[in-house]
Amino acid sequence: AASDLQTALPALVARFEQATGIRVRVTYGSSGNFSAQIQNGAPFDVFLSADVDYPRQLVAARHADAASLYEYATGRMVLWTRKDSGIDVTRGLAVLGDARVRRLAIANPVHAPYGRAAVAALERAGLFDAAKPKLVLGENISQTAQLVDSGNAQAGIIALSLALGPALRASGTYLEIPADAHPPIRQAAVVLSASKNRDAATRFLAYLRSAEAQATLRRFGFAPAR
Amino acid sequence: MSATVEIRRRLSDAFALDVAFTAPPGLTVLFGRSGSGKTTILRSIAGLVRPDAGRIQVGGRTFFDAGAGTDVPVQRRGVGYVFQQLALFPHLSVRANIEYGLQALPAAERLARVDAMAASFHIAPLLERRPDRISGGERQRAALARALVTEPSILLLDEPLSALDHAIQSQIMADLRRWHERHRIPVLYVTHSHREAYALAERVIVVEQGRVAATGSSHEVLDHPAERALASLAGFENVFDAAILERQERAGTMRCRLEGTRTELEVPLTQQRVGDRISLAVRAGDILLAAQEPQGISARNVLRGRLVDTAPQGPAVVATIDAGARFTVHLTPGGADAVRLRAGADLWLIIKTYSCRVLAR
Amino acid sequence: MSATVEIRRRLSDAFALDVAFTAPPGLTVLFGRSGSGKTTILRSIAGLVRPDAGRIQVGGRTFFDAGAGTDVPVQRRGVGYVFQQLALFPHLSVRANIEYGLQALPAAERLARVDAMAASFHIAPLLERRPDRISGGERQRAALARALVTEPSILLLDEPLSALDHAIQSQIMADLRRWHERHRIPVLYVTHSHREAYALAERVIVVEQGRVAATGSSHEVLDHPAERALASLAGFENVFDAAILERQERAGTMRCRLEGTRTELEVPLTQQRVGDRISLAVRAGDILLAAQEPQGISARNVLRGRLVDTAPQGPAVVATIDAGARFTVHLTPGGADAVRLRAGADLWLIIKTYSCRVLAR
Amino acid sequence: MDWEAIWLTARLAALVSAILLVISLPLAHWLVFSRRRWTFLVEAVVSLPLVLPPTVLGFYLLLAMGSRSPVGRWWTSLTGQSLAFTFEGLVIASVFYSLPFAVQPIAAAFAQVNHTLGEASATLGASRLRTFLRVTLPLSMHGVVAGAVLSFAHTVGEFGVVLMVGGNLPGVTRTISIAIYDDVQALRYERANETALALLAFSLLVLLAVYGARRRSWALAPTA
Amino acid sequence: MDWEAIWLTARLAALVSAILLVISLPLAHWLVFSRRRWTFLVEAVVSLPLVLPPTVLGFYLLLAMGSRSPVGRWWTSLTGQSLAFTFEGLVIASVFYSLPFAVQPIAAAFAQVNHTLGEASATLGASRLRTFLRVTLPLSMHGVVAGAVLSFAHTVGEFGVVLMVGGNLPGVTRTISIAIYDDVQALRYERANETALALLAFSLLVLLAVYGARRRSWALAPTA
C-alpha cells in the first residue's frame, strides 16, 4: 500500500478483519517499487497505489484485473511547518517569500504523486520559480515530512493524512492547499492477477467502497474519489 | 638411495646456477662462500625453485626432469628441509610445529615421536611455547626436529647449527650422525664451518659462483683443495707457488722448491711430474717453531728463518716468519713463550711432510 | 663512553634475567649457551624489553632507571642493533635498508656513506635488490651495514657473522676491529664461537641461565674459566678434579695430583694453598703424544699411558688414553701416523705446564 | 519489538556470512595465489556490486529472478516458485551484494602472509588445502574476521536490496532493517528508536564477542 | 546521461575516501598497537554504523543536523545554514557510514605486519610516525587498498543515507545512485540501464587501475 495510507489503513483493516475474519497483512512502500515487484511476480493480492497510473500500467501488462480497478480516494495536500519554526502558514503558499523559509520540502515529482501535485500547485500560484532554489526532495511523502519535522527544512508540502497522524499532529501546524490548486491526486486499487486469494482480495476492495470505509478515509484526511 | 642432481637455473643477470653431482646415502656437505648458490641448490631439490633445465633424482624417484616434463610437487617429494631462515609457524606451539608433518600417523605415535625428538634436541621444556617466546638457538633446534621427525627420503639442512654453541652443536652433530647411520638417506648439509664439515661430512661438495668447484671426501676436498681459492677458503693460511724438483717414489715424497726462493720442502707424492708447477698449502697451525736447531726429529722439513712480526689473536699468537718465503704460524701463548719470540731472532720452522698439501696449478 | 647495565627481568616461570656488568669502550663479547639470555640483554639495552627493575646507562646517558622512572624510548637511544633474525625491511632495497637510519643527513652524504659501507661489506652489487632476492649471508652483511652506518653510541650485535664463511668473517672482523678503534664506543657482541670471541674480544662476559657467570679479558675468561661448566663450554675437553700437593713459588708452578689416581701434573701457580681441591682443564689439542719416552724436552709433564680407543673426526683423530686418568687427545693424521696408534700400545703424553688451567672448585 | 523480524535477520545474516566465508576463502586464495595475469580483472568485477545503489542492484536482481529472465524461468520450472520474495532469494541477493566485503579484507590478509611458511608447509608434505587451513588461514585471521564482521553487519543493515527482492513479507523477507525503515516511514519514531537500540545492542554484543575472542586467541601471534 | 550527477558522485567518493584514509590510518593504528584493554570496545563501536539500515542511519543523522538537535543548531548558528541538503553534509554522513569499511581491512593488515620490523625501525632512530609511514604502511598496502576500494565503491553506491540527508538537489546532493533510483522509480528503465552501465564501466576502470597498479608496484613485496 502507498505510504500515505499508513495512518488510515490500520483502522480499515481492523474493521475488515473483525467483519470477515479474513486476516490482512499490509506492506507499505513506494508505489513505483511495488509496481516493479508486481511485474516480477511479487505474491501480493491487492495493490493500493498512491496514483492511478501504476495500476493502469499493471492492468495493461495483464498483471492486474481490469475489472477490479477502483479509485478509492483522492489525496489532500497541506503546507506544513513545525510550530516552533515561527512561520505563519495561514498565509498560504505565499510564506515561501519569508526569508525564514530557507528550504521547502516536497516529494520527488519524478515518481511521487504528491510531488507532482505540489509542483503543479506552486506553478499555479506562480511561485515555482521563486521556490525552486529552496526545494528539497523527499523520496516519498513520509520522508518529505521527516525533512521538515527534523527541522532541516522549514516548511513542506505533505499529505493531510500525515499531518493528522499522531506523530505530526502535536508538533506542527498546517494549511490545506485547496483541491482546485492542483490536479487531483487520484489513488486507485487493483486486485492482482497472480493473487492466490482472489476471493478475499475482491472482498477487501468491496469493503473499501463501503460507506464505513469511505468515512474512515475521510477522517484520516482523504477526500472521496471523484 | 642416492640423489642425482643436474640442474641449470638463471637467477639474475649476475648469477646462474649450473651444477651436477651425486650425493650417496650419508652426509654430504655443501661448502662454499656466501652467495655461491648453496641455498638455491637445496631449494631446487625441494621443488621450491624450478630449474630451467636438468634432472633431479632421489632414491630412484625422478623429482624433476625438464626433458620429460616431470615436476613432482613439493609436498609429494618427501624431503626434510631446515630453512636458513627457519620458517617456523609463528602461530603454532613448538610441539605443533614438530608434529606438523606427521598428520598421517595415529595420535599416540605422533606424541611419542615428537617427545623423543624434543628430548634429543633438548627442547622438551619448550614444547608448549610459541616460536616468538624462545631463543634463537632454541628455534633452530625446533626447526631441525620438525624436519627430521618426518623421516624424509632426503634431508636438506641449510646451516642448521649456526646459532648454537659448541656444546650443543657437538651433541646435535652426534645425534645427526646416529640418525643418518640408521636411515642411510642422502643428507645435504650446507655450512661454512670447517668444524662442522670435518665433524660430519663423508663427502664434501664445494660450490663456487653457482658451479661445483670440487667434490670428494672431506679429507680430499678440504685438506687437498684442488684450487688455490679453495685452499684459502678451507683455511690454509700459507699457499705458495712451487715446482717439483725430484720424485722419491720409495719414500712416497717429492722435493719441491718454492718459486722465487731457494727454500725446499718435502711433500707427499702426487701424480705430477718433475718440473710441473704446483701450489703448496700449509696450515698455520701445523707449523712448529723451535728457538734452537732441533736435533734428531722425524720431521723432514726444518727451515731456518727470522721472525718478522707477531700479533696477538685472542690468547693465540700469529707469527710471520721469513724463511725465504713468508710463513704464517699460529702459536699458543705457551709455545710463544717457549721460543722466546723476538723480532729478528733466528728460528727454526718444522713442517711435517703430511702437513703440506699439493694443489694443481 | 662505557655502558653500565644492571637489570632484572622475569620472562617466564622458568627463566629470569638478573645481570649486572659494565662494558667499557671497545668490544665485549657476550658468550653463553643457547637460551641463556644474551638476546634479552641486548633487547633490554635497546629498549625493546622493559626490565622489571634496575638501571641502564650508556656513555653518561641514563637509558633506563626503574627507581627514577626513566625510560628513554627506543628511537632516542641511538643504539645500533643487528637482530639475530636480521629484520631487514622486505619492501625496501638493500640500499634503502642501509639508508634508513640516515634520514637526517643530506642526500649526497647519505649516498656516500651507504656506498662506503656497502663496499666494505662486499654487497655493493646487490644494493638495488630486495632482501628476498639475496642469499642468507648477503642479508647478514646488509643488516650489519644498516646498523653500523648510523654511527650509534652503542653497538649491539646478535650473532652477526653466523651465516658467513670464514673468509668473509675474517674480513668483516677486521673491518669491525678498525671501525671500533675509530669510534671507541661499547660494542656488545653475542656469539657462541670461540673463534670470533678470540679474534675480536677485549672483554668477555659469560652468561649462564640469566646470570653473569664470569667477566674479564677473553684470555682470563675463556682460557681460565672460573667454573667447570664454563670450561667444557669454552672447549676444554679434559677436566679433572685434583688436589694441590706442593707450591713451587720460585718456578711459578704447583704440583697437583688428579683425584682417585696417582697421576701428578705440574700446573701454573695460583692463589690456592696446599691441600686445596681444584679442577684442572686441558685442551685436547694441547696434548702431545710420543711413541717412545721423550728425552731432553722442556715440558715438565710426561705421563706414561696406554691407548684405549681412537676415532676419526674428519681428517683428525681423537684418541682416548688411560694415564691413570682418561685423557682425550686430538691428533692430526700425520701425528697419528707418527706415533703408530695401536690399542693397548704404550704412549707418552706431553703436557706443557701452561696448557693446564686451574679452576676453583 | 518485532521478534519475527529480529529472528529472521539473525538467520539471514548468519547464513549469508557463512556462505560468504565458504565462497570468499577459496576465491580470495585464488585471487592472491594464482599466477594468471587476469586475476586483477576478476578482483575488479567482484567489487562491482558495491558501486550500484542497493535498490538498483536489487532491481536488476529482481529482473534476473523474474519470469522474464531465463534464469528466473529455469528456477521456477525447477522449484515451482519464483526466487524473488522468498527467503532463499534474499539469501542469494545478499550474498551477491556483500561478496566484496568478505573477499577484499580476506584477500588482503592472504597476500600478507609470509610465503616461506607456505613453502615450509609444503616440504612437510602438506597438501595445498592443508597448508591453507593450517598456515595461511590462521595467519590471516585478522583479515578473515574483518571480512566476516563486515559482511555480517552489512547483511544485518542491508536494506535496499532486501526491500526490492524481498518485498517486505512478514516472517519471510521483512528483516529488522526493513521493519525499522517501516517504522520511520510511518513516523512511529519511538518504536523505530526502540528497535534500532535493540539492534545496536545485539550487534554490539556480537561484535564484542568476536573482537574479544580474537584478542585472546590469536592477536598474540605475530606473522614472521 | 546525467553528467552533473556523475561528476558530483566522483567528487564525493574521492573526497570521502580521502577523508576516510586520513581518519582510518591513525585510528586503525591505535586500535592495533594500543596496549589499552578496551580498544576492542572502540573497534566494535566503529563497526556499528554498519548494522543500521542506511536510511535509518540517515534519519538519525538528519535529526542530528536539524534544528531540534544542539549540534544542528550550533552548526546553523555558525554557518547560517543547516548541514542537511549540502555537499558538506553529504560528505560528513558518508564518512560516518563508510568508516568501518575503511578501518576494518586496514586494521587487519596492520595487525599482520611482523612487529620485529617496527622494532628494527625504532632502533634506527625512526619516530613512531616514520616507522608507520615507511614500514607499517607500505607493508599493509594490500589492506589499505582494500579499505580504500571498499569505501570508495561504497560511497559511489551509497544511497539510503544520501537520500535521507541530501534532499536530492541537482549538482549538490543528487548523486548518480539517486539519479538511477529516480529513473527506476519513474519506470524509465532504459535511462536507468544506461546510467547504471556507465557507472559500472567507470567503476570498473577505476578498480582496474587500482588493482593493476598494485600488482605492479607492491604485490611482489613479501612480508617477512
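Should a chain be cited, it is by its letter among A, B, C, D and E, assigned in written order, with residues numbered from 1 in that chain.
We adopt the following convention: a residue touches a chain if its C-beta (ideal position, glycine included) is under 8 Å from a C-beta of that chain, and two chains touch if they have at least 3 such contacts.
Since this is a predicted model, take the numbers as computed values, not measurements.
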- request: From chain A, count the fewest steps through touching chains until chain E is reached.
  value: 1
Graph distance between chain A and chain B, where chains that touch are linked: 2
Query: Which two chains meet at the most C-beta pairs?
result: D-E
Query: By CA centroid distance, what chain is farthest from chain B?
result: A
- request: Please flag the chain sitting at the greatest distance from chain C, going by CA centroids.
  value: A
Task: Averaged over CA atoms, how far is the centre of chain C from the centre of chain D? Could you give it in whole Å?
output: 58
Message: What's the distance between the Cα centroids of chain B and chain C, rounded to whole Å?
response: 21
Statement: Note: chain E sits from chain C at a C-alpha centroid distance in Å of 57
- prompt: In chain B, which residues are in touch with two or more of the other chains?
  reply: 85
- request: Would you please write down the residue numbers of chain D that are in contact with two or more other chains?
  value: 55, 59, 114, 116-117, 139, 184, 222-224
- line: Contacts with two or more other chains occur in chain A at residues 33, 36, 143, 146
Field: Pairs of chains in contact (touch as defined earlier), listed by label
entry: A-D, A-E, B-C, B-D, C-E, D-E
Task: Name, in rising order, each residue of chain B that touches chain D in their complex.
output: 46-48, 73-81, 83, 85, 87-92, 100-101, 103-104, 130, 132, 146-147, 150
Residue numbers on chain C that touch chain B, as the complex places them: 12, 14, 32-35, 38-39, 84-85, 125, 129, 133-138, 140-141, 158-159, 162-168, 192-194, 197-199, 201, 218-219, 222-223, 232-233, 235, 286, 298, 313-316, 332-335, 337-338, 352-355
Task: Give every residue of chain D touching chain E within the complex, in rising order.
output: 40-41, 43-45, 47-48, 50-57, 59-60, 100-101, 104-105, 107-109, 111-117, 139-140, 142-143, 145-146, 149-150, 153-154, 156-160, 177-178, 180-181, 184, 192, 196, 199-200, 203-204, 207-208, 211-212, 214-215, 219, 222-224
- line: Within their complex, chain D touches chain A through residues 55, 59, 62-63, 65-68, 72, 82, 84-85, 163-164, 167-170, 174, 182, 184-189
Statement: Counting only contacts in the complex, chain A reaches chain D at residues 3, 6-7, 25, 27-29, 33, 36-37, 39-44, 140, 142-143, 145-146, 149, 162, 165-168
